[in-house]
Amino acid sequence: MGERHWFIPDGYIPPDSTGDLVSHESVCVLNTSSEDALLSFTVYFEDREPIENVLVVVPGRRSRHIRTSTLAKEGEAIPPGVPYSLAVSSDVPVVVQYSRQDATQAANALLSVMAYPIKPHQNGR
Amino acid sequence: MGERHWFIPDGYIPPDSTGDLVSHESVCVLNTSSEDALLSFTVYFEDREPIENVLVVVPGRRSRHIRTSTLAKEGEAIPPGVPYSLAVSSDVPVVVQYSRQDATQAANALLSVMAYPIKPHQNGR
Amino acid sequence: MGERHWFIPDGYIPPDSTGDLVSHESVCVLNTSSEDALLSFTVYFEDREPIENVLVVVPGRRSRHIRTSTLAKEGEAIPPGVPYSLAVSSDVPVVVQYSRQDATQAANALLSVMAYPIKPHQNGR
Amino acid sequence: MGERHWFIPDGYIPPDSTGDLVSHESVCVLNTSSEDALLSFTVYFEDREPIENVLVVVPGRRSRHIRTSTLAKEGEAIPPGVPYSLAVSSDVPVVVQYSRQDATQAANALLSVMAYPIKPHQNGR
């Protein structure tokens, strides 16, 4: 259940951390189907070409919280402190939520959004 | 008014609290109908089989803010400090929002998302 | 532009404040039409009958950020420290976002969600 | 991929900052198409006429995180400390998320929402 295409415009890995918590982002994926979901991430930047086709598997009937710092391809990863966006495609329908924990200052801050889905047969896009 | 199927990919009960506030998550449900809503929760994990069919009632014309730490079946509950996801089904249409209060550090942090709805007759899913 | 029916399941006015900021919630409404929008709020509780038909006007081509503590009818208002939900109806289409500022502890915390819309002609609901 | 019309009811530039972080808001835009997207912003206020047609370009296959403090037209910008709303139109479909970092007090606070999209052919609106 869910959708095959999801978008997250506000990506940002906070470069600093304070205290015991580590600043990070997670792309949280729920795959309620009985099959593995093969996810393909595209990372869009402000000033250079995208990193395309970063692959991640989410097993059937499982949750997976993917740290964006682990998304890498041929040694190229998302640098901290840089604004970016993410597109996620999946071969089976899934549900995708994005959360950030920012521990830059002495206190913890959180944000979270459901990613934006594009639905099949929706105006042919 | 609302939907019968809702999904929350980013579930996490913070294991620690500081100060007077207690870290917790709430699944907040609005049932505007005049009938009771019978909700069935499924809890999905990263590395083991889901906990299925945890039942909760939300009376008609009432709000209910359900702490995720109270969702349990046959003595099995959601452990703190573990990434998970939730699926919620209801026999009458409801609206579902998910919020987390994280008081791990000396200051309070909050996140909230509307859960993701799957609508009836939507591509047969 | 927008919708006529919006829902906010997670309502809560934090009873305490620390520092110079005051804990509060806002229902933020954008009316892009040229006519006034007449909004009707229903407040749903966990353990008693709803407060119905609290009226607020948002002028045409204007933004209005409505503090939930100002929603009252016949002397009955939303008490602080109590979980509740909101339904908002408008006679012209509007867009509704809900935000909370929680200054209970020494630091500020924020959450925000777009309210959940029910669209006309959507499965007859 | 995405939509051409997006709405953000809860706009507010926090007037104060504490520590090394600066309070600000960002409208984060993902343009997955190969063409430039020309965005037109309208800023709605509570007590005066909107600022209309503020133009911003987001290149093809790029992310752009736009600080709301940079949105200006004929010397007129969004004042800090004032509640407002935003409407964003684009000539090619994009995805829009809104985030605020509030460093008013000694600790950082974050909120984020996906903007609300109006879809083409949706009830003629």
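Letters are used for the chains, namely A, B, C and D, taken in the order the chains are written, and counting of residues starts over at 1 for each.
Just so it is clear, a residue touches a chain if its C-beta (ideal position, glycine included) is under 8 Å from a C-beta of that chain, and two chains touch if they have at least 3 such contacts.
Keep in mind the model is a prediction, meaning the values are calculated, not measured.
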item	value
Angle of the C-alpha superposing rotation, chain A to chain B, to the nearest 5 degrees	90
Residue-number overlap at the chain B/chain C interface, same or different (half cut)	different
Length of the line joining the C-alpha centres of chain A and chain D, rounded to whole Å	21
Inter-chain centre distance, chain A versus chain C - centres from mean C-alpha coordinates, in Å	30
Touching two or more other chains - residues of chain C	106-114
Chain D to chain C touching residues, read off their complex	5, 7-12, 42, 44-47, 49-50, 83-85, 87, 100, 102, 104-116, 118, 122-123, 125
Touching residues (chain side chain D, partner chain A) in the complex	1-2, 19-21, 26, 28-30, 32, 61-65, 93, 95-97, 99, 101, 103, 106-114, 117, 119-121
